[in-house]
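Labels run A, B, C and D following the written order; every chain starts at residue 1.
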Amino acid sequence: MAPDHDAVVARKEPKILVCDANEAAAWGVVLSRPDMVAVYPITPQSSLAEYVAQFVADGVLDAELVEAEGEHSVLSVLHGAALAGARTYTASCGQGLAFMFEPYFRTPNLRLPIVMSIVNRDGITPQCVWGGQQDAMTVREVGWVQLFCETVQEVLDTIVMAYRIAEDRSVMLPVNVNHDGNYLSNGIVRIELPEQAEVDDFLGAPDVNWHAALDPKRPMGVDPLTGGATGPGPALFVGYRRGHCEGMQNALRVIVEVHEEWARRFGRRYAPLVEEYRLDDAEYALVTIGSMAGAAKDAVDAARERGEPVGLIRIKTLRPFPLDAMVAALDKVRAVGVVDRAVSYGWNSGPVHQETLAALQYCPHRVPCLSLIGGLAGADLTQAHFERAIAETARLLVSPCPREPVWLNAEDR
Amino acid sequence: MKKQAVPLFDASAIPKTLCPIATEYSRMLPGDWRSLRPVVDRRKCVKCAVCWLYCPVQCVVERAGWFDMNLATCKGCGICARECPQRAISMVPEEDEEMT
Amino acid sequence: CTRGALRYVTTANLYNRWGDLEDLFVPGLGGCQGCNTELIMRHTLRRVGSNTVLATPPGCIPGMGSVGYNGMLGCKVPVFHPLLTNTASMLTGIRRQYKRKGRNVTALALAGDGGAGDVGFQSLSGAAERGEQILFICVDNEGYMNTGAQRSGSTTYGAWTATTPIGESARGKTQDAKNLPLLMMWHGCEYVATASTAFMEDFYAKLEAALDASQRGFAYLHLYSPCTSGWRFPSASNIEVARKAVETNFAVLWEYRRDQGLKLSRDIEDPAPVTEYLKLLGKFRHLDATQIAHIERHVAEQAQVLRELARMHPREGRQVVGHQSDLMA
Amino acid sequence: MFEMRLHGRGGQGTVLAAGILAKALVAEGKHVVAVPQFGFERRGAPVAAYLRASETPMRAMTNIYTPDCVVCIDSSLPRVVDIFAGLRAGGMLVQASRLAPQDIAVPPTVATVAVCDAVGIAREVFGRPITNTVMLGAFARATGLVSLEALDRALEETSFRDGGLVQNRRALALGHARTVVHRIGQREAA
């Protein structure tokens, strides 16, 4: 644990930035002082890559910048760099993430604490370049820590926190900081820029390759063939798999600790795992993830004005799945409607809906759970959409839960 | 022998459940793959080192007046015998050797 | 003076110079009997030395245990399995991070032709274009030998492989191999060369030049590596096969320096008939006259292209550096 | 809360203008959300950006469907885009045009028309029709929502790919000075 700063230290006026989440993420990268950044442009991530490149060009960020020939190489460059001791960063999304998949799904197993933004984008086909969370949802079983931000400020703060989480010796896993394409990536608001010295104090020096290194001063083989049916192979392999699962579970504790320390030091408090909004006296609730929560909270407030007992649960940490926090939240209500910005084809619902259903297994009482899908391919999720979502969810209190999802933008024009 | 290798990473303090790493030299010796064994005729050997140059497992060892093979690692491929300009190496079936 | 005696002086020189250095692979690797690739690996790493990070993408090289099995290591320098696709990219990250920290570490790849020229080509091309300071060695055995001898982009026209079999309506591969070293030359690498284990002194000289060039930019060495199992010939014939490939112009030895252009490493004007090479290999046993004519034509065309490129040599014109070819022919 | 929509063509700096305005508004203590309309930005193609300003923080990161004000930084765009879509009754139009405000055809929801010959000013300043900073000056003049000084300072924090700071400052000032504001008022009551 880092030293305890009991009170938020009296600080000078914070530096104010007026920027979108892509620039905010780039500032988060600057503050985290990575040794190496590799990038390849893809909408809606491109301006993030440009900001980082400009910061390097301006000397604001002292990092090696590798303009690789594709996302596959982007992450591969970082694998090499991390094994040589570098703190690293990249960002991608959508097809870029799909192309990156081969090194991507190896990253957590190498236990490399790489931080990577996903500027969430829907998947082709249909051909599209707009926001949606199909990319991150599709890779949620791969073993990265996956955090989803609601606001631009949270993006900046979470990038920095992500390095503490990733490099924690009980975790040693890569972290995806997700922010929605379009609405966050290009949505400009006022944010505060933390002081570099305070971030330095918060983060400490990179601690990246103490467990596996490619260094002529301490030779080893990294990733020898492991497994098979005989000899020490099976047990070794199970050990690594289990260790990875343990690292993910440890991350739940570390994510909470890091967010608490962030709040103490920087005065901004975020629910680390699951946010409960007006939930304590709610009879039913929406479950949301990502930037849609803003309009959804406005809708909840409006419904409350009308006397409707609705609350909201926002998932910040999707991987590892925050089972206890989610069960505690779900246990407070009698019905939930889960709004997904992606599709689970196999279940004819949304991925977060499926996650919620699994968590409900651990709830003492039965809670009907409706799937609502919206915000695909850049579609807007407005307060009006969430008012409908609230009405559909309220209906679960009096009638059976439909198996079909509600497609929120199906009637938009 | 000029040593080049640096001591291996001491992994004793590293949990065995993180990244798969290999930090002990393999002790596998492929000498038992061999069905033919190279036998060097010391009188013919002029130490030209052609056998060393072409031996895939690099099992050729220098003796005072000739080159010999380390049979712990020699796989018996026969390249040395084929390439030796002096015809100083012959490949002898293992079972014959055992019986002599 | 017999040819044998001269040869003995040359080979003994190499031994005297490098033979005393520790072999940086463990004594036991699981390469096939008479494996040319194992021979290349051991000579290369001994020469390159221990201040090296070695990448061995999936294939025979790690398959024989270079990175290791279940915690046991096959190599005395830091070594790893990249993906089949990302060798040059991972080395990019390694080399650049050490450079950033003020350390000069050699970033070395020992990759097969698939990991270099097929599925690995994007990362190879990208790193070469960026001029990353990497020594990338392609050990070309003309196919996917570790998985059972399947066709690759480097497989010769007409060759049998497990995926270009011989049957009623098929007579082996129907396309020519891509010329990977020439493709790399057109990237404007710092250094590109082809070499063969049958011409060891030439190989050592090129390895030295490549190692030196990799301190400034991308260095690519293409090693022709006969595969006793996949090509179907007796293990003892390995060097003989390698030598015959060069003598017939099937595998032409040349080197390219960014500031000097391409030079042929030995005389290619009076090659032995290609059939002398083809008949050594089981994978060509089924060839008919048309197929042989095709290969002969292709070999002649490739030689002609290289001859022309050497003629365009910006400094010295075409030059033959053939000290070994005379000795070892 | 004040909601507006900016219209322009790719290459004129519409989205950048929203960002500069956001900076200026924040400097004056306001909260903002500025979101561009998403698509491929191609030179000449119609583009739009949304901006919301308030005295209190806002949470919704969404588009704007019923703006209080429409700023159109291209004089030919109204012919091809329905720039008045969703405009609230009593709303305002700030239009780049050489016409007099009275001569601009507007729907009955428009209560105020502000006009600035932004193309003329831009040609004078940049030698090219880059109208975004000119129209920010016009917006400030027409709405009084943001001061010229705040916009001027926001320019300092902006990096321009085309045109320098000095030129953009001049464009801003000229846009502010040469904007004519016309309140329709009476007609709206009908």
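Rule of thumb we're sticking to: a residue touches a chain if its C-beta (ideal position, glycine included) is under 8 Å from a C-beta of that chain, and two chains touch if they have at least 3 such contacts.
Which protein is which chain? UniProt says A = Phenylglyoxylate dehydrogenase; B = Ferredoxin oxidoreductase; D = Ketoisovalerate oxidoreductase.
Computed from a prediction, not measured in an experiment: that's the story for all the values here.
If you compare B-C with A-D, the chain pair joined by more contacting C-beta pairs is B-C. With chains reduced to the mean position of their C-alpha atoms, the one farthest from subunit C is D. With centres computed from CA atoms alone, A is the chain lying nearest the middle of all the protein shown.
Averaging C-alpha coordinates per chain places the centre of subunit B (Ferredoxin oxidoreductase) 23 Å away from that of subunit C.
Annotation: 35 Å between the Cα-based centres of subunit A and subunit D.
For this pair, subunit B (Ferredoxin oxidoreductase) with subunit D, the centres built from the Cα atoms lie 80 Å apart. In whole angstrom, the spacing between the mean C-alpha positions of subunit A and subunit B (Ferredoxin oxidoreductase) is 53. Residue positions 213, 216, 218-224, 226, 236 of subunit A each touch two or more of the other chains. Of all residues in subunit C, those touching 2 or more other chains are 50, 67-69, 71-74, 76-77, listed in ascending order.
Looking at subunit B (Ferredoxin oxidoreductase), one finds that residues 5-6, 8, 20-23 touch two or more other chains. Pairs of chains meeting the touch criterion: A-B, A-C, A-D, B-C.
Residue ranges on subunit C touching subunit B (Ferredoxin oxidoreductase), taken from their complex, read 4, 7-8, 11-12, 14-16, 19-24, 26-31, 33-36, 38-39, 42, 46, 49-50, 65, 67-69, 71-74, 76-77, 197, 200, 228, 234-240.
On the subunit B (Ferredoxin oxidoreductase) side of its complex with subunit C, the touching residues are 1-6, 8, 20-30, 33, 46-50, 52-59, 62, 70, 72-73, 75-79, 81-83, 85-86, 91. Taken in their complex, subunit C has these residues touching subunit A: 50-53, 62, 66-83, 85-86, 88-98, 100-101, 105, 122-123, 125-127, 129-130. Contact residues on subunit B (Ferredoxin oxidoreductase) toward subunit A in their complex (touch as defined above): 5-11, 14-23. Taken in their complex, subunit A has these residues touching subunit D: 16, 18-19, 44, 129-131, 151, 180, 182-184, 186-190, 291, 293-295, 297-298, 378, 380-383.
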